[in-house]
């Protein structure tokens, strides 16, 4: 039995913040000890939170006061979860690391620092060793670990086992994403009612860049040159949670869908081997139904709910090209759940302990 | 000035039927002379129609009685527009052709008869000569001409000029389609609210098959072997009109986006040369805005509204692969408008006249 | 500790059926023993069900086979839950009652039989004594108890305590209801996207009629003549679960909102006194926030989730008229949860036992 | 034939601004001469506008430059339409009035100034004489005339003819409003997808207050004391245009629905008598269909489209209470169209001329 670790959640009333609160309410050894916020400091959590997820505010959290985002007030906190928005996150996370805190960030600000892991625990767990380099170079006791953009995870999780085992030429992706990925207030309603909203070049490009980094950090079983070509076209529509992604993969040689299915179905990562509490039995759940996965019915897949990516519609387009579709819960696996799983891996590997 | 032709609209109260009624209300020489229906025979059109489009029921049509779908009652009708549903359409259309009527069908039933044109007037106008073969073989005075599935048109219209001028290796398509494409009652609301609904293999495959036939019938300017590989992944979401399609194109040699843009921008077809009344100036309208086209804002593009396909987001993925996005008004260009344009071409070419 | 009762769920794959399955999975003494269905007989439940609710199919249910709706196959079943559609339900429920089964019905077919209770356990629990009359008159060992239309419950639950304690002149109601109330496939998507769908006179009238019966069966603390006038205007929009109802109440004398709030806040019924397992602490949860209740955030209120009706926006319109708003989870409190609570009351009162 | 008047549209790229541009494109004597904006000054209109309405940017307007909101730049402008947002509108409108411009405002800022008309041309046309008082008191050559909140108009238009002819005790209103009423960006998507959003006390109250003022300014045919009691409960849902309002009316004596229908059906106002170009034949269009009006199908009713309010579902609740439902196009009749109609009345009455 591990000692209980106290977590602080920054941005705790936001759309990812609430998933941290919800998931940690039943966590075996990480408990919410500090709810940080901005506009709502001094008020009870339940009064100010917009609980846009399943269930209700956990009873033991409801009356907790929202407090300032200040490391000096967090003496008894062991771990920081930071789903802060882009721009705001960067300097705050650095300050926490300087104060000696382990920071798990869902924000983009440090995702491409060469000494900061961009971690999906099942896929590139060995990148946590960057922490040693980070501490040395930056001369701080704490550290920052980031998790990728939810959109990138929806593609990277199914692509990674394929990439580890096959020589891929290119992958062309189209996403149909949910509103919660943009936070609140986020997307104006008039942009998505009776509409499809393209997210534009910048969003497309960052998706590609993150997937590229993650794949390049996998342990490959094939002899290949790593020069994969990726394309992504990203959109939002009027769904609340869950990103839907159509992924075409073209290989450098002939491929069979059956082998790809085997590869995806048998995929397990370090979190499964270590039986981490937030690790689902299978990071990828395959469906062979013709009209699945669907956002409404599959976003909460796995145990804990929302931690498995559902993959289906596997189909051979031509001898070298296959098609697959994934549904990922963007604020769970793609953010808070991914952050908790990262924390568990870091605990297991000795990077986080009672302070 | 042409003599006025009288048109009968089969399924006139359906979602494509109403677009025929709306568009023909301002047509220079085709007038609605007969409104055929099923459940609503004997009632005034306005009373029974569900006018799920812009504007209102044209005054001169509002009180017209809906009548049976019977060629023997249509003595003074010169042309039949048939947006009947799959299965129902086939035999009815044959009966009308036997009775000597020119039938323009938006239904799938005869789309792959080898002697029936699958016509997009800008793209494969010469295929109307199949009518001669059809009349001979089937020994009927009338004829059937079909227009493709709206989804296929949304990809085929931008792909065709590219295919005519470049050697394409493959094209991988993802569609985000509107509800009206499925008719009424069509898609249950619980399938699309807070959801993405995959249309499944059958729909994917027919989309690919139709695009393949259309492209194979273009007049190509390049020396190529025609063995294009196509993939399509099709979906509906809660939009009312307008299909959104992401189209990746991989070429057999290096390509530049600029040349593709030029090709699309300068594309004109026979209808433009003949200045057919329902032909837009440009079948393809290019946008270079980062977040366009959008379904809500671009589905009614062109003049007549909804007859131009809006294409944008042209981007180089790698040296041989580009990405583009199209928005097509599925019940206008993709159905009724395409049917009227086909009729105009057939009139111009002498296949339809006062009976 | 009670003996475990085995329940059969008719229409078990429908939108109310799945809530029965979900809620009974954690019930202390009622277990799902038989899943009846129609189109899907012989198949495992998980394969055929459309799980349009929270969570996932309970593990112990997932592989259960769907079986025919036949009392002769249900020897070890103690209780029947019948959320069958109108028309189909009536004769089936009678057959089960004849075979000696207690039938809890969410269907309208028997709601106005004078010897059949129309039961909201907190409001008219004493009406279960009609069962004795029913058995005698119909000469069957089993019985039928109905629960009201979800829409009627959303108004009747807050109106009842007011009606018990005050002399009401009239109540004028407007509902904004969710799609799941109409079942699947239910409402066509084109009827509710970018629209408000009026449900029409018939639906308005049955809502009024059910509320009237329920209120007339309450135990009143005031001397009044019961001639309340009710009006209801009912609609559906594109929400998945949760009915929203605006309720204006005009009294026969001056009234203060404060007293109404007290009355609603202190309201408890027989299920609360008996501490029935599915009874929420408070059948009515009051909110004083200006923009609450909201469907998305309040439909799952209470414990068990969805069993409390959230009431808010209490406001004085004039000296004799107040306004309040309610949100009710239509398939939980308004159907399956109400059915289970009814069963618990009937068990407690000795009407249901191990057969 | 009138001389052409040049109009300036303030906030011309907003949701009401675009309806002014659209409607004036076919106006017989008011032409758009100046497009004022804020963020987009110096750019061509088509490039910066979000055309969230039917049709396309009129050709003659597309390239017009957006210019500053400055009366000194508008020498050749004869009339100002001001759909500016609350707070911003007030001082700007005063400045224009001081510079001698007639200002038609859709903003709330001056709606309750005692010398400013709150004008629905069919209902209280004689209130334009307040302009004389306004000019005198404020010592300016121009003037300000306001039009009511769209929500208030949706109830006031059908209530006014009833109020003129019958003694009303109270009216209790529930609205289901569209997103465009809140402008852009307006309502966050996460507030309305799968939800009903209450607008709160402030919005309810201003709706009541405006309806009260308008009704109090009608010319009544009955001897009554004017102390009508009103209540309103207001909401937004995910519809784009069109407000839906359920209106219960309780009279001081027995009433028959038939007489109310007659009253509404025969209602015509000053604009109809004067045959103003933007006046629909009937300000109120009655429907007797059970499931109408509906937002999607009725918001564009009348000629010009969107200028008639559709009223239906007339029903007797009890001897003194009836129910009716209205659909109003909030940005047309409820804003831009109402503003143009007001301008036409003012032209006709000599308040606006070529400057």
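The letters A, B, C and D name the chains in turn, as written, and every chain counts its residues from 1.
The rule is simple: a residue touches a chain if its C-beta (ideal position, glycine included) is under 8 Å from a C-beta of that chain, and two chains touch if they have at least 3 such contacts.
Here the structure is a predicted model, which is why all the values come from computation and not from measurement.
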Winner on C-beta contact pairs when A-D is weighed against A-C: A-D
Maximum centroid distance from chain A, chain identifier (CA atoms): D
Centre-of-Cα separation between chain C and chain A, whole angstrom: 40
Mean-CA-position distance for chain D and chain A (Å): 48
Per-residue overlap in chain C, given as positions that touch at least 2 other chains: 52, 193-194, 238-240, 296-297
List of chain B residues in touch with chain A within their complex: 170, 172, 174, 176, 194-201, 204, 229-231, 233, 235, 237-240, 244, 246, 248, 250, 290-292, 294-297, 313, 315, 317-318, 321, 323, 325
Interface residues, chain C side, partner chain A - complex: 50-52, 54-56, 193-194, 296-297, 300-301, 305
Footprint of chain A on chain D - complex, ascending: 52, 179-180, 184-194, 238-240
